[in-house]
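Input: structures, listed below.
Okay, so chain A shows up in both of these, paired with chain B first and chain C after.
Let's look at the complex of A and B:
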């Protein structure tokens, strides 16, 4: 706020300034209640005994003294490590094919590779039971090993993590300076050497970042081990067993704290990597355009087709599983497995609950996220407040869903919490899901906002137009594609997520993903497959609708981009 | 300012939408915690609501162990109005902790003496009995050339290694009544020795008591330790299984019902208990269970084992209730811990 401005103008600026401040404080307070306070209560809970008295490190000591539990750390690290070693090379080659070669059908190949994002993580595990279980169609391929345990978990997690690694590596490999490759060609450098000295180093940050992301996803995923883990215990299922099976909340809190470690490490590495990645390309860089190399392109096509076939094969198996009457004795097709009332007390209601929850999350979440990002990016003054808001918005990336859900139990169900009335409501599920997926949505919004010239705000300020009018009349319409993108992201994740909400759903608010876990637990695996397929089909429909809508929007609102 | 109000309005609408999501209909809703099987929930609810149109049941369903643990955890701040279809051992445990509102339902005297709490007014009333049973997949057994077991001892045979599946007693009531049955009929030392041997053959301990039978029905495993009701149901659905009640006798438990102390819907909860004690209700139970609380309600359940009542061991519910925690701690220490890497 400029002190030299005239009286009338100062009033206007002041009012704008105060509204900005109030809005920043409001959103930061919201995030504080939805994120920081619950996390604090889970942290303190891990240092308390069952009666709530301070117990120091006693719970941790007991954890490490219980072989059953401490073994789980090794198991989790083992499956996460192996999955990372499998997924990263596969995703790297796939990303290389998409960015550096001229394989035909790139759009289709990208679409197929992203399919796992649309499915709840239980889906690949259920499909694996039908493929490699004791009655599996192709169980011979396992050479007598059992799918229930590390093998099943690793295959399932590979399916689930592949698109996440791919997206990071595609971004990393898209950033390439053609001048380096031209220089190498001029100097007659061999292909191998070019790959090892230019391509790989330029993607190294992407590789590190992707590895950490995959490792974290595996350690914190709950859906796959709960279906196919057998007697192989991992940390994520331990939290569930400790808390849901034995109501031992303190031990659950200890395991949750351990789950945060890889997530936090991955978060820090990602921050460091992002900072360096930017410096990679200078202003004079020339973007690399891939050229046709028939032999390489063909090999890459074969590779991508193979990976795509596996992904679609797993999806198709789940669809098939949902349609078979009684595997393996009666293979006639039926829709009976979709009559969920026969398998689960809530029947179809949990699916409708999921739809409602996802819709509320998309609408309310997008509004809060975009408003918050706008204030951080375009707000005037109150730098400290904007910094704090941006910082809190980054926190969810380091918090696994299981931890967040458990934290909500501790915080919102604590006797005496004035917000306790929220416990057990749909509203809390929405708040939890928005908080869980806040960071990526926030980053999408800030990226879109960064592309807008700050002149808009300057000009409207000098025209004495209040900032919120500029926001509504200029910023929102211009950013509409990003806004739709955020809404869809929140919707799809709200449909498929299970980790956070498994702790806070109640009878009235049971969700489809919880129903999948429950039905599978009671042995109704075909019905669980049916629900998983239904959820996947829903997210796919929404995603396709987005593609159509954004094309329309681009055409209608983004005319300014065209010259 | 107009815009600001608009945004404030939108925020309000969001909040209202979220609040609306949690509101409910006008009937008296009672929250009933239960471990009943999924397919029983709908018929039980419909029959009760037909007799009491002003009350609506809202189920909270999970395995016996989970529901028990949850009710204990919520003791200070209870959410349940009534508990039905839960193992009587759990209800005795709750009664010992002062969590039960004693009430004598209309016509409770008519129930079989073993099926209601002897105290007056009773803390709980029984609904039906259920017992451990083995689901044995005959098709897979033939393929693998495995003999049909007749006794619990038979299940220890090395040829069943990796073919047996049983519920985890910490989460499943069926798992617990099997374990408690072995402890009572074999004596503690022999029973633990038996379970050590069994552990060698068990491929996986499941979360629910139904899962082992369903998995045996699908041929995923040959032999599932489950309970007789699920076995009969799967067989009726056409699964190639045989229902075996081992010769040594089987552990069993009552499914019982009680009112939770401190309920805000006491009148409705009492009506639920009245209905559960009625002959009509027991006829609904009898569609699923062969042995129910009301005398003379004995319609034959398809594929239900004929000799069920004779195979039930002499059962001391007080023993199970009193030692539940200790038994589960011992079991978890012995077997849950060994589930580490294993080929």
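Let's look at the complex of A and C:
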């Protein structure tokens, strides 16, 4: 018999173990280059002067000493605050209607409310210009105020943020324990009191989380203020102007760092809130089934229909405007605005670029994200590596697109960077977009993987089947719905995003969202509307195709789910 | 009975095994030899370390110190993939998107076997578990018992040297559990594969195991055949954990006697020093009520209290002031109840044969 082995719990590493380690290191290195290194370079840039020497807080001091710039902070906070105050109550009532009442047509109402996700953020701004701008159809409603400025930004952002807040609040309100309501009813508690003592407290974490998300989205959004902001400066447009207009990279870096603050706060709050939300609902909770209350249901239907009409109205305005000859004087229909060659030298090429970029992002991104999540969740051994990978995967949630895009300029365009050859390529756009939207995709994958039996890997190891074979034969097929979900999420976001890539596109790789901004800048607003509608239609088509295809595909590949 | 383990060549030897999770010691001083072809059960309350020990053998939770030798090979530091075992979990862990047949073939496909050889092996295993027609079904279309049979067949497909069963029956309802445990035992006997099963159900362990390893607080309390565990428990813990037991507080009066209340009982032997506190253990079925004469040792008077009808026997709660204040549980066969009219309230005379008595130092808590 062998001597008794000493301390330590390390087992010899087998082939599977080495492959796992290599894959974790590879993906972590990839994320390091795509995320951590660029962010580091923008951070250090904000402390340097133009010659690259360390300048301490000089740039920050200069920023706050320049009234025009520091006013942007107040402006950003103002529009973000007002938008939050408008969106959260609207989204809360809408979510309440969807989860706690028997309002008819829930699927349709949900679908309508989510439409803004499919559109680039420029779309609502363009539609608002058509409705309330100098030639606006209903500009009288503004009582002489201009849509160009805070009013336009707030309305546009409300449209853009509504679905994001709604999704969070629907989740929060779905977590209801029927037993609490039954107990309240048994004690003869009035409706008002039930709402104030049970419903609102149970949703408070959702409300906090949604408020932070909306605030952050508004502060970091670029598309709406660039179209409709007029001379009302906000942080997001400042970055762009400092960098692209004045080539003042240091000041751009400072503004970018300021943009990170709300995003970081929102990230931290969300983490804290999620931990509590879980504890709120025990395993013994009974799900709440809403009951029909005709008066309430009708009132809710009226409310949801009104919100839905506004959303669809904004979308319809953009669609209609893109199809008429000369708004508002000649409303006869035409497809002339879709002949992009007449408005922009790149013409349709930017749309095809977007389509290619979105497809690459969906395919490569899904592969990397899912493999990474699998290694984090199911990998054996190398706990430190898995932890690091999971941590890096969380970073993008706290990094606004503008910051990431600018960071790419600093990092990949820096003289002497061996990766500089990537600058200006389609590949870099794809890397940037994957990194930008990594976290949500990673969490989706992790959630799906957590639902698998933790012993699958053990069983295959005992059967001497390498883990990648089980990954391919079992894990991937079982997680297929989540994988499709991730791919669609990445595709739609790649189609609509403008904030990150506005800094790193080149003439060869110009994207549709950039073309929207450019054409709008050059006064070709109808063509900009047309391109925005085209992008929205593409996202919508993909989303619909997903719904149809997944039904078909799942029916064929997921026979095992049927009993 | 002890010869059983000695007659088999050792297959798995565990020496000086210890497992810590941070400051918590989950296993300590584990020494165990399991013979080839033996069916061993790790039995104990939850948290006793039985599952941790199984997982250490499987390489899933590597031990902090100590060695494991399987079939002459030191596997202490080998990753799971380089060890030789099949494993079945409480959750079955069947691949949901593969059919029963594909699940069973899962480990075979990787072995450069021909398609027809694989098919033949799968058919053989499906027959073995009595599910020949169910090959094309998906796990969700099978009952819990069927799923566990498939999991068992999958673990056995590659003919591993060791079969590890981690509470394989706990998720099943009582009737299926009873049938399946018989099937597992029969299958194991037929294939002769060395098997370790973790269970917290003492009845299950007694019915299937060649030997039982009773564990508590990360230590092995006793290793023995079911008969030894039941009849000659090595500690108060084992005496209480397996089966029903009366614990009567007493005092030792020498190497062959114990004083209980006002009665001196003759016992086989006790190592408890004279005068020290001890606990006398006796099972309900060990008390006798027939053929008690004046020369019968260890007799005492008792009054029958509440009775409980258990089917083949009646369990009575007895007051026996002579033995102390602790009420005694005793089982009477239905015949005895009828013949001797053993009803509530009856005063009777009964005896406790000296070979049935176990004496442990200290008092049970």
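Keep in mind that, in the parts below, the second predicted complex is superposed on the first by the 540 of 563 C-alpha atoms of A that agree within 3 Å, B and C clash if a C-alpha of one lies under 4 Å from a C-alpha of the other, contacts with A are read in each partner's own complex, and residues count from 1 in each chain.
Following the convention adopted for this analysis, contacts are C-beta pairs under 8 Å (C-beta built on N, C-alpha and C of every residue); 3 or more make two chains touch, one makes a residue touch a chain.
As the structure is a computational prediction, the values presented were derived from the model and not from experiment.
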Chain B versus chain C as contact partner of A:469, first or second or both or neither: both
A:367 touches, of chain B and chain C: first, second, both or neither? first
First (chain B), second (chain C), both or neither touched by A:98: neither
Chain B versus chain C, judged by how many residues of chain A each one touches: B
Chain B versus chain C as contact partner of A:27, first or second or both or neither: neither
Partner chain in contact with A:542 - chain B first, chain C second, else both or neither: neither
Touched partner set for A:16, first chain B, second chain C, both or neither: second
First, second, both or neither for A:67, with chain B first and chain C second: first
First, second, both or neither for A:459, with chain B first and chain C second: second
Set intersection of chain A contacts, chain C complex versus chain B complex: 466, 469
Partner chain B, residues of chain A touching it in the complex: 19, 66-68, 71, 75, 78, 129, 133-135, 145-146, 148-150, 230-233, 241, 244-247, 249, 326-330, 341-345, 356, 360, 363-364, 367, 371, 413, 415, 424-427, 430-431, 466, 468-469, 471-472, 506-509, 518, 521-525
Complex interface listing, chain B residues touching chain A: 1, 3-4, 6-7, 10-11, 14, 17-19, 21-22, 24, 31, 38-39, 41-42, 58-63, 65-66, 69-70, 72-73, 76-77, 79, 139, 162, 168, 170-171, 203-208, 210-215, 217-221, 237-240, 332, 336-343
Chain A residues within the chain C interface of the complex: 1-17, 380, 453, 455-456, 458-466, 469-470, 473-474, 477-478, 558-563
Chain C residues touching chain A - in the complex, by the definition given at the top: 13, 15-16, 58-60, 62-67, 69, 74, 76-83, 85-87, 89, 91-93, 95-99, 106-107, 109-111, 138-141, 154-155, 157-158, 160
